[in-house]
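Chain lettering (A, B, C and D) follows the sequence in which the chains are written, and residue indices restart at 1 in each chain.
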Amino acid sequence: VRELFECDLEIFPLATGTAANSLAIAAMTPPWGGVFCHEDAHIQRDELGAPQFFSAGAKLIPLPGAMGKLDRERLAVSIAEVEASRGTAIPASISLTQATEAGTVYRLDELQAIGELARRHSLGVHVDGARFANAAAALSVSPAELTWKAGVDVLGFGATKNGALAAELLVVFRKELAQELTLRIHRSGHRFSKMRFLSAQFEAYLEGDLWLRNARHANAMASTLGAQLQAAGIELLRPVEANVVFARFTPVLDEALRAAGFLYHDWPIFGPGAVRLVTGFSTKIEDVETFCRAAGAVSSKAGAV
Amino acid sequence: VRELFECDLEIFPLATGTAANSLAIAAMTPPWGGVFCHEDAHIQRDELGAPQFFSAGAKLIPLPGAMGKLDRERLAVSIAEVEASRGTAIPASISLTQATEAGTVYRLDELQAIGELARRHSLGVHVDGARFANAAAALSVSPAELTWKAGVDVLGFGATKNGALAAELLVVFRKELAQELTLRIHRSGHRFSKMRFLSAQFEAYLEGDLWLRNARHANAMASTLGAQLQAAGIELLRPVEANVVFARFTPVLDEALRAAGFLYHDWPIFGPGAVRLVTGFSTKIEDVETFCRAAGAVSSKAGAV
Amino acid sequence: VRELFECDLEIFPLATGTAANSLAIAAMTPPWGGVFCHEDAHIQRDELGAPQFFSAGAKLIPLPGAMGKLDRERLAVSIAEVEASRGTAIPASISLTQATEAGTVYRLDELQAIGELARRHSLGVHVDGARFANAAAALSVSPAELTWKAGVDVLGFGATKNGALAAELLVVFRKELAQELTLRIHRSGHRFSKMRFLSAQFEAYLEGDLWLRNARHANAMASTLGAQLQAAGIELLRPVEANVVFARFTPVLDEALRAAGFLYHDWPIFGPGAVRLVTGFSTKIEDVETFCRAAGAVSSKAGAV
Amino acid sequence: VRELFECDLEIFPLATGTAANSLAIAAMTPPWGGVFCHEDAHIQRDELGAPQFFSAGAKLIPLPGAMGKLDRERLAVSIAEVEASRGTAIPASISLTQATEAGTVYRLDELQAIGELARRHSLGVHVDGARFANAAAALSVSPAELTWKAGVDVLGFGATKNGALAAELLVVFRKELAQELTLRIHRSGHRFSKMRFLSAQFEAYLEGDLWLRNARHANAMASTLGAQLQAAGIELLRPVEANVVFARFTPVLDEALRAAGFLYHDWPIFGPGAVRLVTGFSTKIEDVETFCRAAGAVSSKAGAV
């Protein structure tokens, strides 16, 4: 991992993304600290307060932001407001998600701007990298550039969504956090007596850039999926930059596809009819095409009416 | 206290409003629970995470709302969103402030609407009543109507801002919460071995409606203050309904008043030039008039230019 | 699992024993609660405060007890003392380990006596069953008898030490605890998106009583190991009832065995020279015999001197 | 306070001893930390887990010790055991009570020996000084010698039991702890908006050594009480060194005294018939004598039989 990230660092194999996120945040945020994050972040919407649990009470400060990304200016205003308040929280860290929950990707300059802001306010920077591989594949930028060189202190380097059984790697660039993390991992029941079954997965994952090849494949499938849906007249709700496609399905289309046996998630926070389609390391081009043909058939029939 | 509120209840004398708020919220909110509150609430902006600390991690869900009040419709939407989310929090309680941080007062029908909504979703209702006396005085409605009859489960009945040394009374209408509160109070260092010094204050406070008379006086002073400032051409930023006046001071006016020795707080969250002026049980009409004359003098001079 | 335990119940697959223990305890113990346990229990000596973390501060009350077991009389005295104290904790639960950390096994009547005591004081009963299979194999008593029929509310049914990769099953007999456990598991990062990889292990584990056959084998190996060491004149420090052997090695013996490449743990809390030897599902009789021959050779030579 | 303690330091006025103890311990003990204390300490037996609450889960490690005092040798052994264990806790601090819960007083050399041990293991040292004044009066040693010069980092300097309404002073010698303490006090509801009512008490308390004069009086009353009881043939259970007397009352004596209207606490942890008699700043010599005469009358009558 040190070679991959071109620096000295510490790693902790874990089994879930929530554990990785919460431990990273707790390591950088005291109980009275504030964590700035996007309002759609996994830590804010999906983890049932895990960051508060691990940090003994830290406060998430959720911010709106176009395309699922934290906006540097909006972030700066919020930090200033919290600093000025009489007791909201003591600003402590920024958590961002790469690739984002909206399927978009922070560009390198966006990351650097946030990293620079964090440094100015002495805030820690955490990256929820459940889809880090997809972001790295999308940007063709080195892992080092995307992390510590841009000011990232801790990365949750996900593998579960990209081919592993249940394996995440907490990558700690700010090494002085490592000792306390060892204790937090022990104390939260995330220390595996048979850790070799996690580690073994990462050996395979990193060898021959399997992680990147898997992610490139997933991204390509999403790109094709998005393009074919759009060609079929279906509205995409977010730019397709990684391995997630957000589209708007009419009730007729939705019903027809589900009747045909296709499974996907509604995504109501992106508006009525919004659905989320995720591709992965094992998605086959035939399946994408079958799905798009089915969607196109309904869509064109509806259009004909 | 039972007589005053016309019902059976339990009370806990405490020394700070933050303790009262946090204990009340913790009694009704599990660690994974969500607490709906106004975005300017004391629990959200001023207590450095005390509700999270006492509840072992509950999440505040701050909402915008005109005039410092929670809006029933906005609240209903937010409750539905949190219920629908995959893991924001489990909705558990609503906390409102009466009189509000904006110096306004929830009308009885507004309280009842929120109480009814809470009941429908099985949420607890907490009232931060640091200025409850001022609200009761403003509305001329009985304490019972303003609390349990409207669906309030726990009230922090403030005295510190209304004549007492450091005394708040946690009034628990949902009596089954009382036993656990006893333990939480013990465990958080808020059990006083010489509690009689707190209780004695409340005997005096309640006797002959001293609490209400103090509050009426403070409200009257605020009303006069607001009227005279307005008469002097100074903009009021919120309606004056209790004992707090928010006004906009020009830099010239601000500088002149401070130079003359007047002390008050800037209130930047209400916009540039915003200040907060608070009256109390001991505010004298002469002092109000002196202040307003001084403000008027600067203001009219500036107007002449 | 319902068939195996002959009752209705809920299960939660987890990956570590510490998670299983802490979640079970937190489900039955409020932050101000006391957990009675043996002073050598894993929760007391090995988990770096995990039970306190998950329960938001509950207090372990460690008790001495011969052969690594909680003694019913000693336990009754301690419960009475804590109840009488002015603020040690509110007695909430009993946690026992089966098979114990001393390699011994609670007999059915011992379990029943503790269960009856718990019921009388309305305490929850948790069994840390990291080695439950070994206890069941040793006692030839049904899992139902060893758990809910004796008053056990929650069992951590371990598989990690008995053939699985990293798999424990939280078995909840008091079903009303299940809903909250779901939230606690989510919030502590122990909910696996690919839980099927845990569940699959349990299918194999339970099929054809593999769990019991593995444990019987491990127990038999320990029994042989203990007998052969004793035959070689080496002192055993605890009766061998499951799959763990505690022996006293002289410095000469210890050095010789380690020099020969054997690996085992010192166990200083059992006195000078104490070592812990653990057998497992994959221990081969040849390896036991090789080890005992090596030990015997050194031992007899030393005796000759 | 700086003058009194002859050094630079920070102070925090608080209203309860439990708050002072818990905040001091939390400031020096991480969630995974261990706090060594006497098994009869107030933090262990009387605060319902307050230290765990404030520290987010630290573990108290209660130790036996003659005369209510931590024994340096026993303490050293326990520290070594915890350090050697695989996960009991990370040793973090020592908390001792001066004067102790047994009414005894640590001599200066005893304090220094513990301070030296703490330094060697990098542990913080907290003194629960609810009766610090009585200890200082008993020893005729300067407050500086009894605290920072002996290695104490934080002292809870009690006044509530020695004349004040509800006032304790957290005296922080290790000044780098002060900033975080400010936040912890805010967040736990122990920051008083009208702190002047606490501070005013300390001005009076310290002026003209009122604190020491009060304590000397209380100690003298206890000394007389103990001597007269002993003269009346009543067994004292602990040496009388400060303002607390532990005696053994026969059932007959106990019944007679209570029938005569005297109020005192049973103290069953010191054996059958044990009672605790506490003198204070306001105890009158006449009252002591009346009590002793009453006790003597019953006692001699019983003896005559």
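Going forward, a residue touches a chain if its C-beta (ideal position, glycine included) is under 8 Å from a C-beta of that chain, and two chains touch if they have at least 3 such contacts.
In this text, all values refer to a predicted model and were calculated from it rather than measured experimentally.
Interface comparison, A-D versus A-C: the higher count of C-beta contacts falls to A-C. Comparing mean CA positions across the assembly, the chain most remote from chain C is B.
Between the CA-based centres of chain A and chain C the separation comes to 38 Å, rounded to the whole angstrom.
Separating the CA-averaged centres of chain A and chain D is a span of 52 Å. Residue positions 31-32, 47-49, 53, 56-57, 87, 90, 183, 186-187 of chain D are each in touch with at least two other chains. If you sketch which chains touch which, every chain touches every other chain without exception. Within the complex, the chain D residues that touch chain A are 30-32, 56-57, 87, 90, 180, 183-184, 186-187.
Of all the residues in chain A, the ones that touch chain B in their complex are 31-32, 44-49, 52-53, 56-60, 81, 84-90, 268-269. Chain D meets chain B in the complex at residues 14-23, 47-50, 53-54, 160, 165-166, 183, 186-194, 197.
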